[in-house]
Each structure stands twice: as C-alpha cells, then as structure tokens.
Amino acid sequence: MNSMEKDTRLIGREALAKLFAQWLGEGRRILAPKQSNDKVDFAEVETPGEVSLDPVQTGQSPKGALFPRVEELFSFPSRDGRVELRERDLAALKPTVVFGLRPCDAAALAALAAIFNWDSADALFSARLAALTTVGVACNRCDEYCFCTSLGGGPGATTGSDILLTDMGGGEYLAEVISEKGRQAIQGAGTLFQPALGKDKESRLARVEKAFDLDKVKPALEALFDDEAFWVEQSLRCLGCGACAYVCPTCACFDIQDENGRRLRCWDSCGFGLFTLHTSGHNPRPLQSQRWRQRLMHKFSYMPERQSVLGCVGCGRCSRACPVDMNILEHLRAVAEAKP
Amino acid sequence: MQALRSKARELLATKTVQVIIGYASGGGGRARAVFVREAAKADALVFDDSCQQNLAVYFSKPEVRKLGKAALVATPAALRAILQLAAENQIAEGELLALAVGGDDVVPLATFAAIEAHVAARDGDWSAAEKEELQKYEAMGLEERRRFWEEQFSRCLKCYACRAACPLCYCTRCTVECNQPQWIPVPAHDLGNLEWNVMRAMHLAGRCVDCGDCGRACPVNIPLHLLNRRLIREVFTVFGSRSGRSAKGDNALSTFKPNDPEDFIQ
Amino acid sequence: MARIGVFICHCGENISATVDVVKVAAEAARIPGVAHSVEYKYMCSDPGQQLVKNAIKEKNLTGVVVAACSPRMHEPTFRRACAEAGLNPFLCEMANIREHCSWVHEKGEATTQKALDIVRTLVAKVKKNKALEPIKVPVTKTALVLGGGIAGIQAALDIANSGHKVILVEQAPSIGGHMSQLSETFPTLDCSQCILTPRMVEVAQHPNITLHSYSELESLDGFIGNFKARIRRKARGLDEKLCTGCGLCMQKCPTRKIPSEFDAGLGLRPAIYVPFPQAVPNKPVIDREHCTYYRTGKCRLCEKVCPTQAIRFGQEDEIVEAEVGAVVVATGFDIKHGDFFPEYGYGKHQDVIDGLQFERLASASGPTLGEIRRPSDGKVPETVVFIACAGSRDPAKGIEYCSKICCMYTAKHAMLYRHKVHHGKPYVFYMDIRAGGKMYEEFVRRAMEEDGVQYVRGRVSRVYERNGRLVVKGVDTLLGARPLEIEADLVVLATAGVANAGAEELAQKLHVSYDAHKFYAEAHPKLRPVETNTAGIFLAGACQAPKDIPESVAQSTARRRRFILPASAASSARAPAPTRPSRRRSSAAATGRWSRPWPRSTRACARAAAPAWPSAAPNRSTSRASPTRRSMPRFWPCWNEVNAMADFNPKIVAFVCNWCTYAGADLTGTSRMKYAPQVSIVRFPCTGRIDFMLLLKAFAGGADGIIVSGCHPNDCHYSSGNFHARRRWVVFRGLMDFLGIDVRRVQFSWVSAAEGAKWAQLVNETTDRIRRLGPFADYQRLRGQGVG
Amino acid sequence: MKTGFYPGCSMKGSAREYSESLLAVARVLGRELPEVPDWNCCGATAAHNLDHDLALALPARILAAAEKKGMDEVLVPCAACYSRLKVTRHELLEDEKLRQRISGLVEADYRGSAKVVNIIEWLAAVPDLEKLVKKPFQRKVACYYGCLLVRPAGIVEFDRPEEPQSMDLLMAKLGAKPIDWAFKTECCGAGFSVSRTDLVAKLSGLILEDAVSRGAEAVIVACPMCHLNLDLRRPNIEKRAGKKYDIPVIYITQVLGLAMGLPPKKLGLQRHKVAVKFAPAESPVPGVSAKRGA
Amino acid sequence: MSGEKHAHPAAEPLPGRVLEQTGVDVARCYQCGKCSAGCPLAAEMDYPPSQIMHLLQLAGEFPEFAEMALRSHTAWLCLTCEICYCRCPMELDIPKVMDALRHEALRKKKVNPKAKDILAFHRAFLDSVKHTGRLFEMGQVVDYKLRSGHFLQDLLQAPWMFLVGKLHLLPERVRDRRQLKRIFARTLKARENRP
C-alpha cells in the first residue's frame, strides 16, 4: 500500500446509486446493513436506499460473507455403493461487495484470515476472501460498548477496507480508495466522483475513549490463568450460550457435520459446555468459568502469540447481544487492573 | 428497594444465607444478575421494571450452587420456576430462600408451601396484551403462519441462548448434543432450525413457567416464547393443568387420565 | 464395513405370486453394505436355514436380513439359525414382505418396489444393530395360577410336583370349575367328578400349593421372574381356621330358595353355602346379597348354631401380596346365557335349557339325582331335541366362530338321555359334525348307530310352546329343505362358548392381548401357542378359545414345561434392552419417584415429552423394537425419484406399536385384505416410544403423510404407554398447527391385533386424504435450504 | 311437531273402519291429522314384486309431498304401507346416488326430513293414555303384529322382531289382558288375499287356531291386510279348517275407542265380517251375523 | 336398478347380478336351512329359500341352475314376510334376492306358469294405481278377474262389502295423475319394453 498515493475523493448519494448499479452489472452481489423486522443486519441489497447506516453496529457481524453459518465444503453422493467425491466449484463463488461495514469489522477480516490460513490455507475461505471487496463506512457515532481505540483501531481506521467512506453530511461521502481491489471496484466509474478538495474526515468521526491499557492485558491474563476464584467471579452471571461467539466478527470455531452426502462446516462456540468433550468422556473445561477464561485467553493471548493478531476488534457486539449483560470491556478492565 | 437491601443485609449478617442472587444495574439501562455475598455490598441490589430475567436459571449452575445457600430475588415467574424445579426434584426443601418482590415490598418465602401459597394468591390469567399477541398469530391462515415461522427460524443461529436462559432447560446433555447418531442437525440450516425449535418447545410442554426469557435472550429476536405459550394454553385447556404451581406432582405430559380427550384419534 | 446377507423367501407362492422376488434379490445386492443376496422357495425350511448359516460362515456376514413373513412368525427361527452359525442373533432382522406387502397389495411393480423398500429399511437397521447378550434376571420360583378349573388344577399340580411353589387363585368359593358340573365326559363316558375330585383334594393338600379360593387378582406388576401380585381374598363371612365344614349353618339357614350357580339355576341353595358337597375348600361362604342378616339386619341364625363360633359377619376383604416368577392364566370360559335367542324361547320357556343345565340334569349329584326330568313339571321327557350351533357360527348373534366342543357334548347328551330314558326319542339338529379327535368320530357314530339318535341336518328356525310341549320348527336340508316340525318335551341348546365376563378386565390387569371375542391371544398360534405376548404369562385352557378337557389338560402340562425352564435356572435370560445408564444429571435420576422396575429415560425433558419410555422394560427387547433414530434418516432411499413422478402417489409412513397395530396389520395380511401400497410400516415397542421427532424426520425424509397407531386405551402392553402418547399427540398437534403445518397430515389411530379390516381402512382413508392434500413440498424443501 | 296422516288405499275402502276409529280417537286426543297432500298408493307388494325403482318412487312421492308440506312425521297406520315408506326412506338415505335418481323420478328433491311412524309408536307417545280409559277393555286379547311392523328389524328399528311387546303394553294400558301366544309375528298370507286365498286360509287359520286355543277373546291388529285375511277371509279359513272360529279381529284404534267409551258405530265395528259380540249392546251391527259364513 | 346398470345384462352371471342389484353375496350362505325351516310357505315352494340360495351359488358355473332359480315358483310365492332375513345367521336379505329374481324372470319372460294368478293380481293392482294414483279396489278386483279368469271367486263377498261400506263404485283419484304416469313410464313400463 505504501507504494500507492493516497487516493481520496468525494461521492454523492446519487452517484453511489449508480456505483451500486455498476457493481450489480458486473455480476457482484452487494451485502449491506439492511433493516428487517426490528434488526439491522447484512443482507443483499441493490440500491443505497435499502442500506441502513443508522445503528452504531449491525446485530451480527459481516463474517458470514466469508464464513457462513453453514457451508458445504464438498459432497460425496453415493450410488449403488459407489461414492463419488465432488469438490466445491470455487470459481462459481459470486464476487461480493460488502458495503457499510465499520472499520472494526474490516479489521476483523485479518483476524479471520489469520485463523483460516494459519498453518495451511483454507481454499474455500481464501476463495471467498479473494472475491470479496469491502467498502467500509467510518463511524460518526459510538456507544458505551465500543472500544476499538483500546485495541489499536479507530472509528476512521482504514485497515481491512478496500474503500472507506466517511459521511461528510449533506449527502456527500468522503471516499478513500485504499487497495487495488478498491481501485478495481470503481474502475470505469471515475465520473461518479468529485475531487476531495482537502476535506478532512476527522471532524466527522466518533470519539471512542481508550478504556484500558492493552499492553497490560496479555501478561495479566497469563498471570491470572490459575486464579480460579477470579474467573469464577468474573463469569458467575454467564449462562454459557453461544450468542457472543455467533455475533463476533472474529470468532472462528467451527464444527464439521456430514449430512446427506455433504460435508458441512458450521459455527460452533467454545462457550458451549460440550465443546471440549473428549471421546473418552473427559472434558478439560467442565466449568463455565474455565470457558470464559478460554474466550478471553484465546482472543488476547493465544492469537497474538500464534497468529500475531488480536482476536478482538472492540466492536462491542458480544456485550450488546449477551442475554445476561456480560460486558467484555468491563472484564478486560478487570483483567488489566487485577492484582494476581 | 430499601426493604430488599435491608432484608439482604440481615440475611447475610445472620448467615441465614450465604448469597443473595438479585439484580443490579447493568449497561444500557438494563438490569443484570448479581451475587451478593457480603452485607456491605447489599446496596448494589436494585429492583424495578427492568429486572425481568428469571434468576432461578442460576440454580442449575454449579459455580453458583457452590456459593452456599442462596436467597433469590424472585419475580412471579421465578417463583413458578422454583416450584417446577422442586416438582422435578432439582431443588430440595430448605435449599433456598425466595425473596418475592413486587413494588417496594419483599416477602421472604422459606418453604415450598409458602411459595405455592404466594403464587396461588397472585395467580391470574394472561394480560390482554399477552392474549392479543398470541391471537394475532392464531388469526393468521395456516399458510401465512407457516411462512412466518419459516422466515423466523431461517434467522436462528443455534446459539442456544434460549436454552441457556431457560430455568427448566437444565439437562447436562441436551438432545441436540446427542450425536451417536446426530439426532437434531447441528448446522443452523432451515431444517435443523425447525427441528431444534420444535424439540425445544415440545420438551418444555407442560413444564414451561412462562417467564419469556427464551424470547428475550434471542439475539435475533425470534418470538420463541409464543411457541411455549401456545402449548401452555393447550395443556391448560385440554388437561386442565398449569406448571409451576406446585412443588409436587407430575407434569402434564408425564401423567395421564384414562379419559383424556381423543376425538382426533381414529 | 458392514457385510449384510439378504435372504428373500418365496414362501411357496405366498410372496412370489405378487412380488418379483428375483428382482428384489438382485436389487438388494446393490444396496451398500450388502455382501450377499439370494432368494429361495422356503427360507424357513431346513435347507433354507442352511443357506443362511452357510452364507454367514462363507461370506463372513456381519448381519442378516430375512425378507419373508412377519417377525411375529419366524424371527425366533432365524435368530436361532444365526446363533448356530456364530452370528449374534440380534444382528438378524426380518423384513416383513408377506403380511405387510405381498398379501395386501396387488401384483405389480409397485408391490415389488415396496418389498425392496422394506428390505432396504431393514438393511439400514441391521447395519446399526449391535450384538447384544441376554440379560440375566433373578427369578422368583413361584408360579401364580389364575383359575381353579381343570386347566388351572392341572397346571398347579404339574408345577408343584416338579418342586416349585404355586399360588392358585379361584374366584368361586370352590375350585373345580365347569368340569365339576359335568356328568360324564366324552368320548369315554367316565364320570367327571370321579376324575376331578381327587385332583381337587390333591391341590388342597399339596405342600407346594397355596390356595386362595373366593379370591381375585387385584393387580399384577413387574416382569418375568419378578412379578408382584396383589390378590383380593373376598370376605367369606367366617373364620376358615375355625370352620370345620360341618354344614350345620347351611341346614339352618332360613333363606333357602336361591338358584344354585353350581346347578346352573336348576337347583336351590341357602344363603350360606358351599357350591357342592365335594367343594375344596369345604368351607361355606355367606352370599351377602341374599343373606337375611345383611338385607334386614336381623337373623344371625348361622352364628348361633355354629359349633365353633366361626361366623364373622363383619369380615372384610383382605389383600394378599405375593412375589411370583410366572403367571398361568386358566380362567376358563362361559357359555352364552340370557335372552339372546328369542326365537328359541331360551330364557322364556323353562324346558328350553342349555348344555350345562343338561349336564346337571344328567349328573348323579344334580338336582334330579341323575334322572332326566324336565324343569317345568319334573316329567321325564319322551322327546328331546338337541340344537347344535345355538349361537355359534352365527354372525347375526355376534359369534362367527365354531365353539368346537358342542358337537361332541351334544352327542354325549343324546347318548346319556337314551341310556337313562330307554324309550326316549332324541333328535339332534346340526349343520356339520365336527368330531376331529381321538375316538371322537367313533363316539358320534355310536350315538347314531347304537343309541338311535336321530340326526337332522338343518337349523331350527323357531321353538314355541303349545299345550305344554315345545314345537320345534326345523328343516332337513338333505331332503329338499322341507320344513319339519317336532313336538318335544325338552329342548337342549348347545349355546356358544364365550369368554368370561371379566376376561377383558383381567387382560388389562395382566397386559395380555385378547381378540375381538375377549379370548386371550397367544404369542403365536402355531409356534408359541401357550405363551402370551407378555413374557412370563402363559395361557391354559378355555380362556384362549373353547377347548375340551383333554386339550386343556395337555396344554396345562405344556405350560409346566414352559415354566420349569425359566424357573429351574437361578436367573432367567431375556432379550436385552440396551439403555445407556447415564451419569448425567437429570430429573429422572433425581426423583427416585419411579417405582417401576425398569429405569426411565435419562433426560428430564425428553422424559417430559416422551414419558413412557418402555424400551427399557426389561422383559421386552428393544432390539426388536425399532429402527429408531439410528436408521431413520435412511428410510426412504428411493423416494426422491418416485417423487418426481407426475402422478402424485403420496408416501405415507406408519409408526405402529408392536403389540397391537403391527399385529393388526399382520392380520390384514393373513385375511388377504388389500390396501394402498404407498405406506411404509415402522415397528416400535409402543406408541409411548414414538417420539414426535420421528414424525418430523419422516416428513423431512420425504413422507407426505403419517399414521401413528397403537393399542386401544387400557390395552397397552406396558400399561400406559398409549395414554402418555395420547397426551403428547394433543400437544404436538397444537404445536404443528401453530407452526402452520396441516395436522391432517398426521393421522393417529388405535388399531388392535384383531382389527385387520380397520387397518386396511385406515391406510386407505389416510392415503386418500393425503392425496387430496398433495405433496408436502413445503417441508421437504427445507432439507436443502440455508446452506451457504 | 307436525304430524301428517297417510291413510293408504285400504283405509279409504276395505279398511274404512280403521280410518274411522283412528280419526275418532284422534279427535278425543285433540290431535289433528291432516292427510299428506295428494297422496298416492304406496305400491304395496305389487310394485316391489315387479319393479325396484317403482317400488321406491311411489313411496318417495308421498314422503316428498309430506316433506314439502313441512310435516315432521307421517303417521302410517297400515303396516304394509308403513313398511314400504320406511324401507324407501331407509334405502334412499343410505344411498345418495339412489336418492338422486328417485328424486328425479318423482320430480322433487327428497331429503328424508319427515320420519315415518306406525300406529303403535304414535299411540305409545301419547302421555297418560291410561287416564283416558273410561271402560277398561277387560278381554283376553291376542296381539297380532304380523310381519311388517317389526321386520326387517334393522330398518324399522321399532320393537324387537321376535316376541315383540309394544302392542301388548298398549293393550294392558287399556285394561286388556294380552295373552302369551306363539303367532304374534307369523305371516297371515298378506298380499295373496285375492290371488291365493287358499294359502291365506292356511296361514291365517294357524294364527286363529293358536289364539283361540290359548283362550284369546279377540285378535288385535294394526294392519288392514291382516284384518282382511283374518276377518273377511274367515269363511275360507273355516272351510279349510273344517271348524268355526267366532273370535273377532279388532283394530288397535277400535279397542282404544271402545276403552275411551266411544260408540261402536263411530268406530266402524259394524263393518266387520266377524261380529264383536262383547261390544256394548247399544250398538247393534246390522246384518253382520246374517251374512256370516256367506 | 338404474338403466345404466343393465347395459350389459348378459355379461355378468346371475350371482353377480344379484350381488349388484341387492348387495347380497350368495356365497356367504352356508346352507344351514334356517330360512326354509321358518318360511311360512316353504312347503308350497318348488325350491325352499335355502335351495334357491344354493342354486344361485352354483348358477355362475351351471346355467341350468340359474334357469331353475329364474323359473321357480318360489320367487312368486315369497310373501316378503321377512322372517328368513330376520333369522338368517349370515344376515342375508333373501326377500330382496326374491325381488331380484322376479324382476329378472319378468324381463326375460321366464315367469313360472303357476305364478300366473299372482302376477295377474300385481299387474291389476299397478294398473289401478297407474290410472288413478290410488288402488281402486272394486276396479282392481274386476280387472284381476278378467286377467286371471277366476270370474266366480269372491262373487258373494262383493255385495256384502258394498253393503257395509267397504267398496266404492267410483275410484278416488290423485290430482296429478300425469306425474304418476310419468313415473310408471320411466320405471316399470320402460323396463318391460326392453328386450
């Protein structure tokens, strides 16, 4: 990226609509926050009018575009006792634009990729990633659950976005074209943009205060590992459902199921009681406190160690979704401040 | 609220109980469960309209049981849950103290009999709004209902928040986790989601105490409590019984009467 | 990798006439996991079984599917054969392509396809079957014999003589049953009481026999080897220990004109009485309905005269509990009484009597001391007309069966009459003479040839009284069906043999099945004729069907051998019922409320939804039980293709209980009734075991409609499985409707083992309804939906 | 409850006294008995002997007319007509196709709303009938039901087919002593009145013989055909039996009328072939005895 | 008996036609003879009811037995007293079978000659009904005498009956006689005219 000039332009609402039409014309599908019933979540759209950027965050993260709830890895139909192996046709995956994701979600892509392509590259994931273009929208609002800034991100951060838009008011967006993919996405649409004329997005961005010192978290976690009382206290309220993991943009636990001649990959959660149940019947993490510890350790200790990337982007979705108001920010603060 | 706090202080000071399971203020105007073990911290307790979670769910959590004898700040639904858990032999007499709350008052209920009496005295029909909500869906045509639920279930993530939030879903291995062979599909596809949700509703039939926590817990807002509520009405109108009213006796579906209706059987 | 052997039986032509067995065998060979597939004329024959055994050894089979008749017929045969060849018997399953396929559908491709589907289903099941070992259960070496007639007496003595304890329960004040009422017995004409009374005394004195007379079974719980019986000893009104049986009370009792049950109403008895002089025990009972004291509060004469002060007016019924290992049901039969034959004046004219009454007239101990005198005026009848088939073989009177014993006893009656009234004229109206048995035909011939009994072939239309005689309007169909009239002095009706009035109630207490006439059903009419479907409960005598004395006795002795086998072992082996004991927390474990001898479900909520979980009942085998969840998803392999057919043929899955509906469907087959072939039958131990999830699985698997059927209320083999199921269905229907699923797609029903016709009707009606509703595409579509 | 009256052909002719006595009794009971409008013959034995559809169409036309008039039930005193109407209603209600076809024939949509009742049913439904009895009919009577009141049992569903009791109970209410006899439901020869009088004489003779031998003073009937055979055919009977029978044959409604104290003439007793000798004296029956044996 | 049912009268053997027209399956008869024993006129019949049933059982294979049943006197002697049906253990509606036999005999002109009087009476009866709608007893008796030739029978009864008011000289008539004629035209007449 450093070889590139910073490319900043302006685009209006109507021009955006034309850009959408162009994408559709190119055979891409567009996923964007869309209101349905009482929730705003990523769904297929055709015009900017369908897009809802009002909420601070969508209920669910856009990770489904790369790592769907259920996906077929390959199939193995059998006939008269003979089994045939059918790989998935990766070329058939539809090029996709994810529009309207927040900088935190964009940053999460790196965490996901780090997991899926850690030791050996996951072909399906990589193919989906290659076909994906992200058009982020910077945050002009935040809420008490947001803490991206504590983790090195920010409401206007460009990491992970191919293009980042910032609502400048008056129906105008500041567009930063960040990557080659971004450039390709607006190829031939130059007339839709105007020059930025030195407009600065900073004033439009939300103020997300730094809540804790990240540097303290990893060593604290390691020191606290055996402090059972601490973890029990921290997780007393937790009921062990999978809501946090399933709304999280970086959680990547999955299960493999064979069904009707298809091998399926589907979401799983380390918060579930039987997640670590061994065939022998032994369960190394029988208690919810241990599973909660695992959640934090994985995101803030194991992943930085193994994949050199944090497993959390501070989007705050888990805290918003938790049925018993477990607020991850509070717990990270408690870890950072703990005196083992 | 003051009555609640002073009662809590007293119970902890006298070591009548080791922990008060109650509500404290949480994020975003929500209330959250709190486990008060020191009299000095009793002022964290609150009780207002935001306190809706059925705290009886924590009885099946080993870490919570380890804290010792508990006093539970109990909404009417939580009281029913305690009775139902007692009827299913999950709680023994004397294992807990219920602090029935309502308005500014707090009523300590030490025995199942006391809880039964308290529940019976305040038992009533569903509110007009609750009835209306159910009727809205029943008034739909069959096909319209089918489409409605198909859309709802298509959003289900199988995060099992509904199960986790339910005080009566205390099995240590749920049917969905029985995987030799896999009985309910694990993936959250449409068929798996339908089967899971039917299974959950059926296994709560005759046991659900109507707290509504399943629906509240759902991160994708599926009105799951409606399924339970429909079956509560079925069980009540056909078999005449309501769960969570007595600490003894069988669930509607673990007993029978020889003359139960069978007009639908050929 | 599974290596399954499939063995298709032609059953002579029973199967091959409608099913292309060669094709089924060829297609079955292509099912994954099938290593061997052959067809053969008679698979159950020795060479047929040898085929199975050889294949197991040569092809190293891991499982066997025999596609032939109902498992109720030959499952034991083939499982034994497999065991002999070294294959665990529970890895052998029967595919019922006869009763459920070839006999109920027309010849054609659809029928062959169905047979193949049934085979596929069972192959899928066998693949998941596990080798099981019989479970050992300690056994109580005591037998409970219900009924103290000849069958019960014989069973009790046989078992007692082989060294086991016996508890004999008789509801009447004395043992002896109908045989004690008889005069002489065919075909030997020896005195009934001379044979019987010594055996009765033996019962009374046998150290191994405890006799409860005037008693009834209150309840029976438990399972083979470990039953617990509660016996109600009805209050006799006296202390049996003090009573010496002197009879003074009977002599002094002022209420004397009560029709004697023993004399079939022809004699009288007092209110305190023993049924007959040789009664065992020889202790009277007080008939509280007629006793003056109980009616008016005054009298107590018997109390005053009793030399041992044995009378106890305040005595109450007593409940005795006993642990027993096996039960022999020998509760006998009755004959049809009452006003059911108005055209014969039965119940109206005193001189129209039934066979048992004639026995009493001919008995030396009877009201006439053995002289044949008619009830109305005591005259010796000059002409006696005997009418056979009075009620039997008469669908209009509700009895289509042959009562079997009437031909013989009618011949005997006519002979006895001639022996006692030498100038008398006996006529017998008959339809057919059924005298199959050793010396039986000869006996009837003797009646005609030596004793001059006039046999007239035809049914009597009417009997009416005229001038003190009875006009019998009959016909001889051998003489051009000319009507003929006989003026008789006495008419004896061989009324039909029927089940006892209390037979149904007792069957429900015992959980044994019974037929439409309330006769008890044997486990298999040919192969297991003395056992019921409930292990450890055996049948003896006429409670099963009308039987004569030699047959009853022979069967009772057979019962002894059946009993001694399990009783001689320290424990009984029974088919294993695998339920995995759980260390998981569940309310079932926590309650301890389940007093049942078998463990319940291990999951609280599963139990709530499926409360009766009888698979675990120790005396029933689950291996027979069910293609449960394990093979479910693979049930309908060929349906997707069928589905594409333009002409909509609904696919219907029937979940049925093993004891009633499966047997009922077998009966449909044996009766050769036809029904729509689109139905696939899946056998379960009980409707209580049919989880609602199975219904959803069936829909997901391609079913357009579902039938769920089991035993009628009160008839459940496991007491209450169907009651529990019924509640679940109510709730499930409510939920289905709320979810927008048309409840008409699931038809619930009760079909008993005797309702073969109802089964056919149920299938046909359901098929029609589903055809009208169309394919359940909305549901089937869900299968592939929602995968990225 | 609107009751229509279907007299049938005989009651307008040879069984006129049955009709007269019925209407006389109905008047006392305060019951109106409007006739079924424009009724036709039910076809009797002849129709079903010769043609199935005709045998159904004729009664169906009657029932449809009653139905159209809004009658809830049709009283059919003649046992023969009763049987035809009852059988027709049964068959048409059992078989929808047949109903449609016959409806087409009679040009009316027959629905089967009107019930068919016989005279005994009708009288048995009268409350406190015994209270109307002024002169108890203190005679030993043989209640003769004949064939068609009780058979086929599955269709008429009225009294039991063997040993019926309903008429006996009715007679007992009127003070009579019904005897127990054997020929209550034996056939009198029915429709052979004219064509095979020899058979009628035989069958009816057996009936009279049994009644007389058991001391009956009168045979009570509820059917014009039975009456015709037992009363009008008395000479044939006597000729065949070679003996005389004085026993009168009386309609059930006549007995009721007599018990109510109605004058015999109003009840048409004078129209009998065999005189009712014990009828009150003030009612000489002209010419009857003179014609006896003619 | 609808018209279409008789489209192929010869195709089906007699027992099958009886089953179709009456619903009675003669195969169910097991020849107990109870019908013959109770039939008031069995003694007068050439084949008592049970034998008719047996003839019908065999009639499918042996046409001569079908002929015997059709030409029997029995069918015409049957009084429809229903006693056989009432007492039949197999609940077979024999009177209905007799009806079917009569209809068939009539159509095929196989009426037993001995039944001439009976048939004459029935025809006279129905003629009366056809013309007046009701039975005109006087007219019918006269008609019958003409048909049967029994001119003297009952000659002495009539004046007495007239005297006691039992016979009318003029018939009562149904108003809508045309409708009745239509009914007759579509049933009996249509049938008898069919070959």
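Letters are used for the chains, namely A, B, C, D and E, taken in the order the chains are written, and counting of residues starts over at 1 for each.
The rule is short, and it goes like this: a contact is a pair of C-beta atoms (placed from the backbone, for glycine too) under 8 Å apart; a residue touches a chain by one contact, two chains touch by 3 or more.
This is a predicted model, so every value here is computed, not measured.
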Steps needed, at fewest, to go from chain B to chain E via touching chains: 2
Chains touching both chain C and chain E, listed by label: D
Between A-C and B-C, the pair with more C-beta contacts: B-C
Most centrally placed chain - per-chain CA mean versus overall CA mean: C
Computed distance of Cα centres, chain B from chain A, in Å: 33
Inter-chain centre distance, chain D versus chain E - centres from mean C-alpha coordinates, in Å: 22
Cα-centroid distance, chain A relative to chain D, in whole angstrom: 96
CA centroid of chain C to CA centroid of chain D, Å: 50
Junction residues of chain E, two or more chains touched: 83
Chain B: positions in contact with at least two other chains: 172-173, 187-189
Contacts with two or more other chains, residues of chain C listed in rising order: 343, 633, 783, 786-787
Chains grouped in pairs wherever the two touch, ordered by label: A-B, A-C, B-C, C-D, C-E, D-E
In the complex, chain B residues that touch chain A: 26-28, 30-35, 53, 57, 61-64, 157-161, 163-165, 172-173, 177, 182, 185-189, 213, 216-217, 219-221
Of chain C, residues touching chain E in the complex: 343, 389, 393-397, 431, 457-462, 473-477, 480-483
Chain D contact footprint on chain E (complex, rising order): 1-2, 21, 40-41, 44, 76-77, 79-83, 85-86, 93, 99, 102-103, 106, 117-118, 120-123, 125-126, 128-129, 133-138, 141, 144, 148, 153-154, 156-157, 160-161, 163-168, 172, 174-176, 179-180, 182-184, 186-188, 191
Chain C residues touching chain D - in the complex, by the definition given at the top: 342-343, 348, 464-467, 471
Chain C partner contacts - residues on chain E that touch it in the complex: 30-39, 42-43, 47-51, 83, 87-91
